[in-house]
Structure formats: C-alpha cells, structure tokens
Amino acid sequence: MDYLYYPGCSIKESGIAYEESLTAIMDVLNTPLQELEDWNCCGATTCISVESDEAIALASRNLALAEKQSNSKGTVDLVTPCNACYLTLMRATHYLSERQDIAGKVLPALDKQGLHCDNRVRIRHPLDVLVNDVGVKAISDHVRRKLTGLKVACYYGCQMVRPYATFDDPHRPTSMDQVMKALGAQTIDWSLKTKCCGAALGSLLPDIVEQLCHDILREAEKRGAEVVVTGCPLCHFNLESNQSAIRKRHPDFKTIPVAYFSQIMGLGFDLPPKKLGIQRLFIPLPASLTAGAGKGGEYVTA
Amino acid sequence: MLLRDEFSKNGDIRIGVYVCDCGTNIAGKVRVPEVVEYAGTLPHVVVAKEYKYMCSDPGQDMIRREIKEQKLNRLLVAACSPHVHEETFRNVAAQAGLNPFLFQMVNIRELVSWVTKDPDKATAKAKDMIRAAANRVLFHEELEPLKYHIKRNVVIVGGGIAGIHAALLLADSGEHVYLVERESSIGGHMAMFDKTFPTLDCAACILTPKMTMVKSHPNITIMSYSEVVEVNGFVGDFKVKVRKKPRYVDEENCVGCFECIDACVFKDARYPNEFDFGLGKRKPIYMPFPQAVPPVPVIDADTCIEFKTGKCPKECLKACGERAGIDFAQKEEIVELEVGSIIVATGFDSFDPKKMPQYGYGIYSNVYTSLEAERLFNASGPTAGELVLRDGSKPKSVGIIHCVGSRDENHNRWCSRVCCMYSMKLAHLVKERTNADVFNFYIDIRAAGKGYEEFYNRTMEEGVQYIRGKVAEVTDNAQTKDEEGKLVIRVEDTLLGMIRRIPVDMVILSVGLEPQHDALEVTKMFNISCSGGGWFMERHPKLAPVSTMSGGVFLAGACQAPKDIPDTVAQAGAAASEALALSHKGVIEVEPNTAFIDETLCSGCQVCVGLCPYSAISYDQEKKISILNQALCQGCGVCAGACPSGAAQQHLFNDSQLMAEIEGALAGVL
Amino acid sequence: MNKEFEPKILGILCNWCSYMASDLAGTSRSQYPPNIRVVRVMCSGRIEPQLILWAFQQGADGVLVGGCNPGDCHYQEGNYKALRRVTLLKTMLPQFGIEPERLRLEWICASCAEEMRKTVEEFTNTLCRLGPLKVQIPQIIPVTGKAVVEYVQT
C-alpha cells in the first residue's frame, strides 16, 4: 500500500526528531512514506477560529494535492503524524463531503488553482497505520532489542481520537499501548491519556498550560512511568519544555523524559539513537534505554 | 369520459359533504367556505355544509338529521385522519339508518392544513381530496361488518409488575390468563428494588403478596422460563406458540423445600447470580432470589457438573428422592395457546454505561449502576442490605450521576422519567444506611408526580447535596491529598459557574431506560409498530394509549415508554380492562375489507393462491376457479392487486373505487 | 428547472406505515410541498401496476408508492410484492415514454414523519427537474371489477 505523507510545519522544526524516527521505523517496517509535494500549512486550530471557510480551503488544498500526486484511482491514504494536522485535515474531508455550504465555496476556489478534490483522501495517523495496516505482529517481529520491563505512559493527546474517533476509542484509546507492548514494554493504566495538554495556548496562557502539563506528567510519574510517550509534536513540545516552569510551581515534581512513540520503537528495533533524534530531547531518556542502543546490546531494565 | 359521468346512470346518488373547521386547525389554513361551495357543485352532491367541530354533538346531530331529511345515500366528512374519527362518523351514519360503509372520511387536517404553508394551495388540495372522495363513494356498496367470536383467554407477555397486575385483574373477573415470563421467576425489575419512591414502601412487601396471589390463582397459568415464539390469528382468535425452556426441575413435583440446593456438590455458591448482576453468587442449582415465583429452583446447564461431564454424584437428585422433582432429561417444549387477546408487557432494558467510558463503569470497581445499587440495598440481596464497597468497607461519600444515557444526543434523546426520583431514593437510602455525604449531579430535576417534589425537598433537608451540571468524567487521577485513593467526579457546576472536582468513594450511575434489546423481534411477532427510539407504539398517543394498531393486542408498562410503578400499574389496569371489554362483548365486529372472488371473471390461473399470506384462497378442482375463505382473509388485498382478470377484488378498496378516487384526486389544476 | 411548474404527485400509501407517517407528519406540523394527493390502501401489496398507469393517464406527473419497512409489513410480506411489481413496472415505463424516476417506491415506517416530509420534498424537486409528463398514455384497458368493465364497454 502506498502512503502519502503530510508532515506539517511543527515536525519540520521543533518536532524534527519525530520525522527522523518515524521515517526510520517505517523503513524498517517496509512501509515507506512519500512526502506530499508543495504542501502548505494546514492552518491548525488557530486559523479556523478566525476565518472558517478560508481555513477549510487552506487545509483542502493539501487534499487536492494528494489526489493529484497519488497513483491511486480510489482512496488515497494521507498519513500525518501531528495531532493538530490530523484533526484539521480530517475536518476538511468531513466538511467537503458533508457540508454543501462550505464545499460550495472551497471547491471553486481550488478550481481556480487548477486543483480538484473528489473526497478520495483518507487521513491516517501513523498509529492507525501501525496497528491496523502493518499490524502488531509485524512490529514485534522486527524487535531486536526487547524493552522488557520498561514502564511507559502512553499519552495520546486530545485531538488524535476526538472528535473523529476513526481508529480508536475516544476516551480510552489503546493503539499506542498495543505498539509499546509489542516492543516488550509495560504501559501504565491511567485516565489521562487524552487529557488536553494546552497545546498552542502555551505562549498565551502559561499558567493554565503549565497546570495541565503538570497534571499529566505528575500522574505518569506517580504511576511509575519512566517515560511519557506521545504521538504529536505539539504535545511533545509542551510536555517537555514546560517541566522547569512546573518545578518552580510544584517543587515536589521532579522530571520525566518525554519521547515520541516512534523513537521508542526505533530503540526497540535497535536503530542508532542518532537516526532517531534521541540527542535532540531536552530531557535525556533513562540511561538504561539508550546505553548500547543501536549496537546490538540487550536492554536491561533499570 | 369521466368515470363518474358514466356512473351517473347507476341510480339516484345523493351525496352529503360535511367539512369541519376543527376550530382553527383546518379553517386557519383552508378556506372552508370556498371548499364547501365547491363541494356543492360536484355531481350528485345535494348538500354541503361547514361546521366548527363536526365531531361534537351538534355536528353529529346535524349530519344525522340531514341524512334523513335530504335522503342522503352517501356521506362524506372532510375533517381529520380516518384513524381519528372514521369510527365516529360511521356510527353517525348507522344511527341515521345509512349503511356505515357508504361513508368516506376525507383527511384535510393531517394531510392538508397541518402540513401546508400556503392557504391557496391548502384550499386547492382540500378540494381535490373531496372531489376524489365524492368520486369514490359512487362505487361504495352496502356492507355488513364481519363478526367474530372472542375467545375468553388472555396471554400476557412479561411477568413484571405490569403483567402481574393485569393478570390478577383479569383472573379475578373470570378470564383465564397465561402469564409468560422469560426468566425463571416473575417479578421483573420491581423485584430487584429495595424501596419505592416517594413513599419508601418496601418493594418486596408490596410485590411479593401479588406474586403469591398470581401463583395461587386458579385462573392464572404461570409459564416461567418461557418465551413466545410465534403468533398467528387475529383479534378474538390468536394462536400463540410458547417455548418452555427446560429448567430441569419439574414444577408439578417440586415442593419448594430447596433441599436440592443445599445438597449440591458445590458447597459454596460460586457462580455470579444474574439477578444480582454478579454481585452475589449462586450454585448451578439455584433460586434467583428468595421470594421467586414459582418457588421452584432452576438448574443452569452451563455450570452444572452433570451437564458438563455427566459424572456428578447428583446429590440434588438424591436429596429430592421420591418427590422426583429433579429431571435432568427435561426437554424444551412448545405449547400452543388459543387466546382472544394479548397484553404485551415486556418492560425495558437499562442503558449499558460501558458506552460512556468517561464514567468509568467496568474500569473502576466502585462505579455501580443504579440497579446494582438497588441490589446492594435490598435486604435479600448479596450484602443483606448493607451498602459496602468492593473491599467490604462502608463508603464515606457517594456521588450519584443522573441522566446516564438519557437526554443525550450521543445515546438516547428521551428523558427516562424515573431516574431523578430513584436517584433521590438511592440518596436517601445512602444517608439512612451509612450517613455518607451524598452528591447528586443533575441536568434538571424532574419531580412531577404525587409527593415527588415533597420527596425532593425531604432529601435536601436530610443533607443530600444537589449539583447542577452534566458530569464530564469520573477519574482516579488525584491532584490533591484529599483525592488520593478516591474517585474524582469532574463537573461544571452551572449554578456556581465553575469547574468542580468532587472526590467520592462510590459512584452510582443513574442509567436510563431503553427498549428491550429484542424489542424489534417482538414487534414483528405481535404485528405492532415502534415509535421513535424503539418503544412500542400505541394506537393513539392520547386517546388509545394502551391499544395498538393490531386489534386485540394491548400494551402495558415500560415497553410502551419509560414509566414509573404507579403509571405502569395504571396502564396495566387499563390494558386489562380493554381486554376484558373485548371478551365481555363476546363478539367483535371487524372492518369488512376482505377480498372476494367474482366467479364469473375468474379464469382459474391460481396466481392469488400462492400470494395469500393467510392461505385463505384455495383452488376448486371441480369449478376450476379460486375460492376465498372469508374467515381467514385479513384484508390486505394482495390477491386483488395480482389478479390478471379482475376477479379478485377487495371490499372498500376495489378497482373501481380506487380508480375513481385517483381520477378525482388528479382532476384539479395545481 | 421550471419554477412555474407544479408537479402533481399521487401517493398511494399503506394504512399501517406510510399513511401513519403522513398522519404523524401532520400532528408534528411538518411542512412539505402541497403537490401530493394521497390515496390510502390497506397494504402496498394491493397496488397493481394498472392503478399506477391509470394515475399517469389521469395526469399524475409522479406516483409515490409507500409501504412498511422490509420485515415490518402488517400483512407479513405485501410490501415485497409491491417491490416486485414496482421494479418490473419501472423497466416498462420507458416504453410508454415515462422516465422511471417518476415512479418511486419508499418504505416509510409509522414513526417516520421526517422521512415522509423529505420524500415528498425530494420527489417534488425531481419532478420539477423532469418537467410535466408530456406523453399521452394510450388508453389502457384496465382489467378491473365489474363496474369498470361496464364503463370501458360503453
């Protein structure tokens, strides 16, 4: 199956480690992602709150590009690793097929650019592809360095499964947990998997966002997680970069590393840490996880 | 070349047209005087009149008078739906000496004034419909209603409080009742409750005596552990097939000593008791609850060693001894009942809160449904009436969440009607038994009913706290010391205008009511319809609330819509008296819309024979034509629709009537 | 689309489901186009193709046949018979020069008032698009009961 890949802006900047590690593991799994040519910003949550029709048009341009670029005459799978892009593009596909009033404005606008959209694009999150297309079995078959004993907290964020719960439960998703378990890791059972981290409000309302991040990180720490694992560059940035500010407010909070699920997978596949952007993390992963990684060394739990 | 012109040679037809204003319901949209004037110009119409309420006494009097004075031989009333007043005006005709089937109802309310914006169009549509009917009645003929003898037995499906109450009423007045219950005991949901709101009557104390009366009543046959599988026939003469599941204990021989249960090789009860939602345990041979009726144990083949391996010492059999109550060889049995009417009282299911994982049911062990809480409070329940958490300790704080699954776009849109009140009752019981802090989370409090609002006030005086807001989630994520080890209810308190986190030990979800999971199959079996949401549909929401569109099939209790015990009992009484009224009449008059076969036209092709769903048509080998048995015909007209030579026809819907009606309906200009 | 044109629809509805739905549309004060004229029959299985052709001949621009949902027929399976007849008739209509879209079969349950409203609205739009039924249907000799036979003979 061919997958087109829409990276989104964050992943090319603050979230570059996500792209590096995702590309690496998808190569191992023989599921290469082909980047969409000439893609543009999806508009994320910011744009739509100001100009709704324009925001849908902005996102829809990527859908039209995908239909143009794909060899498929039927459904086109467009993979986007960012939760915000995922929701925004998903909303665009939904509006184009269900909301005639909006489609009636967006489609002619695309037409002026010589673009066309036939509602053939299916937006996929990498976790969806991993669990439903690649399969948990194939993942565990590729594990070279079993992460037995590693305790992780899978944090999905709010936009991956809500409101479009296409591939997982909107309240208690399990896809990331399944992937982590396939690596041999243990996942903690907690209720904050889809709690909002505050995302883009970090620069506007730091008080609130720090509190939200604290609640999530603290709960993960309390339940014995060694790493918080995410599938979104915005969640990752928020949870990682706010930790020093959180410590000032909550002195009893220590620190907990935050990694992308693809990085942990790469470590399980025994890929070199550098290829996975591990060195880019502000908070280093537990030494046990990185020591000897990529060199055929066995994982020994701390 | 109009049909009606051709027909004018058929004697002296005198039509009276009566157009109803229905207050402003019709006259507010349709220009009635104009319609009346138009009707007067139609051929054969000798009188056309308007009246404010045609169904009122003066309206009826006017029609009766004019039928006589004007020597009318056709009657047309343009008013509401035939489903509302056809019967009324047929009677008017009959009282004035006119054969009621020479009357035709024209529906200009439901089909015209209520659904049309433009008065011009509505007026035109009303004229067209009157013209259609005036055309049609030319071809009407005098008919006699078909009369059938009514069998004096009644089958009641569902042994909850509705079925029990209806059974006792009918049995007391001399009818024989078959009470069919799917579970091994009658009692239904009410048997699970501890107390009933708002009077706090002990549910068992008021229900158990009725259950025992059912058991001992000579006119009632309880068919427990049984299900209706097939229904044939029609009002007055139904044939109902009931499947009796094997309970492996002979109801005749069992004396109800329960020595078999004590003797079972399982010394301890170890299997989850379904009646307690698994909170209590039972043995493979068990009674679901102590007051079960009939007081006969049941053996669950899935857990019984004898059924699983065939190597059980069968201590139960030995204990029973010569009483010979245990019967491992019992087989499923199909019993056919012949009854005159049917009362459907199949009750409700409760909403499955696993569909709302944000409330943590099935995830956090101390989140209970309201029915589970009822069992905990019940003196004969798994904890003998103690409200305890899974670890056996008493809760110090309890949160009760209203409207779980109800009034919710994502689940059920209806209000389940009973949850506010039973939540208050549970709150009161929590206070009474544990003195814990109780928080009720509600969207709106609906306490309409005798003594209900007073009960609401009483619980507030007892210290129950009411927080207005739909709960966002129940979580074990503790953010403060107070929240450690608790379930935290996160809610927007819409009266305070703030988000609150309330830590509690126990959460009770006030789950809403839903139609039974197999309600759709039941509707098909009894030939009844569903309203929105899947509740069984009554014949008329206001004027025929317990009848259905199928004659002789009545509804009682929550299968029709969510309702509390008093309303259920009242409706059961109504259903019983409807059934009684029917059987006391002895004879029922059925609309003579049956088919008939014109022997002179029948070519003997037999197309109709195979089509008839009731096997009412057979082929006469000697005459070489099809013969119709009127008694079996249900009046669908499928044969008339198929007959290639026009020999098969349907009274009230024959070809000429329908064609004339169509011609009239389309003759206008839009 | 011809804005001036008001199509005439003949609705032949079964007593138990689709007629009940129209009643309910009334009690719920649903507003729909005034173009439909309703004839009630006990079961959609009663409707013979001749009645439909007769309606076209008498000036209907469209005919709506309404029955109960599959499996819900009050008379067990009359609606299936209607389905067979309508399906066959639709294949024949072009021979008369009638677009098959002018005949519509719908399952409308007794509580489906909204479905009823939508159906009439959609059907009216379809017929506005198709325009008036221009073809003259040849005099079909209706095979019917005595009265009509007499009529045809005169």
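Order as written gives the chain letters A, B and C; numbering starts at 1 within each chain.
Definition applied: a contact is a pair of C-beta atoms (placed from the backbone, for glycine too) under 8 Å apart; a residue touches a chain by one contact, two chains touch by 3 or more.
All values reported here derive from a predicted model rather than from experimental measurement.
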Exercise for the section: Identify the chain pair with more contacting C-beta pairs: A-B or B-C. Expected result: B-C
Handout entry: Far-end chain from chain B, centres as C-alpha averages
Key = A
Completion exercise
Distance between the CA centroids of chain A and chain C (whole Å) is 54
Problem - Whole-Å gap separating chain A and chain B, where each centre is the average of the chain's CA atoms - result: 50
Handout entry: Rounded Å distance between chain B and chain C, as computed from the means of their C-alpha atoms
Key = 31
Completion exercise
Counting only contacts in the complex, chain B reaches chain A at residues 357-358, 360, 363, 473, 475-477, 479
Handout entry: Complex contact set, residues of chain A against chain B
Key = 169, 171-172, 190-192, 195, 215, 218-219
Completion exercise
Residue set of chain C touching chain B in the complex reads 6-8, 10, 16-17, 20, 22-23, 25-27, 29-32, 34-35, 37-43, 45-48, 50-51, 54-55, 58-60, 71-72, 74-78, 81, 85, 109-111, 117, 142-151, 154
Exercise for the section: Using the touch rule from the top, collect the residues of chain B that touch chain C in their complex. Expected result: 3, 6-7, 81-83, 107, 109-112, 114-118, 121-122, 124-125, 128-129, 132, 139, 523-524, 527, 529-532, 537, 549-550, 593, 598, 601, 611, 613, 634-638, 640-646, 649-650, 653-656, 658-659, 661-663, 665-667, 670
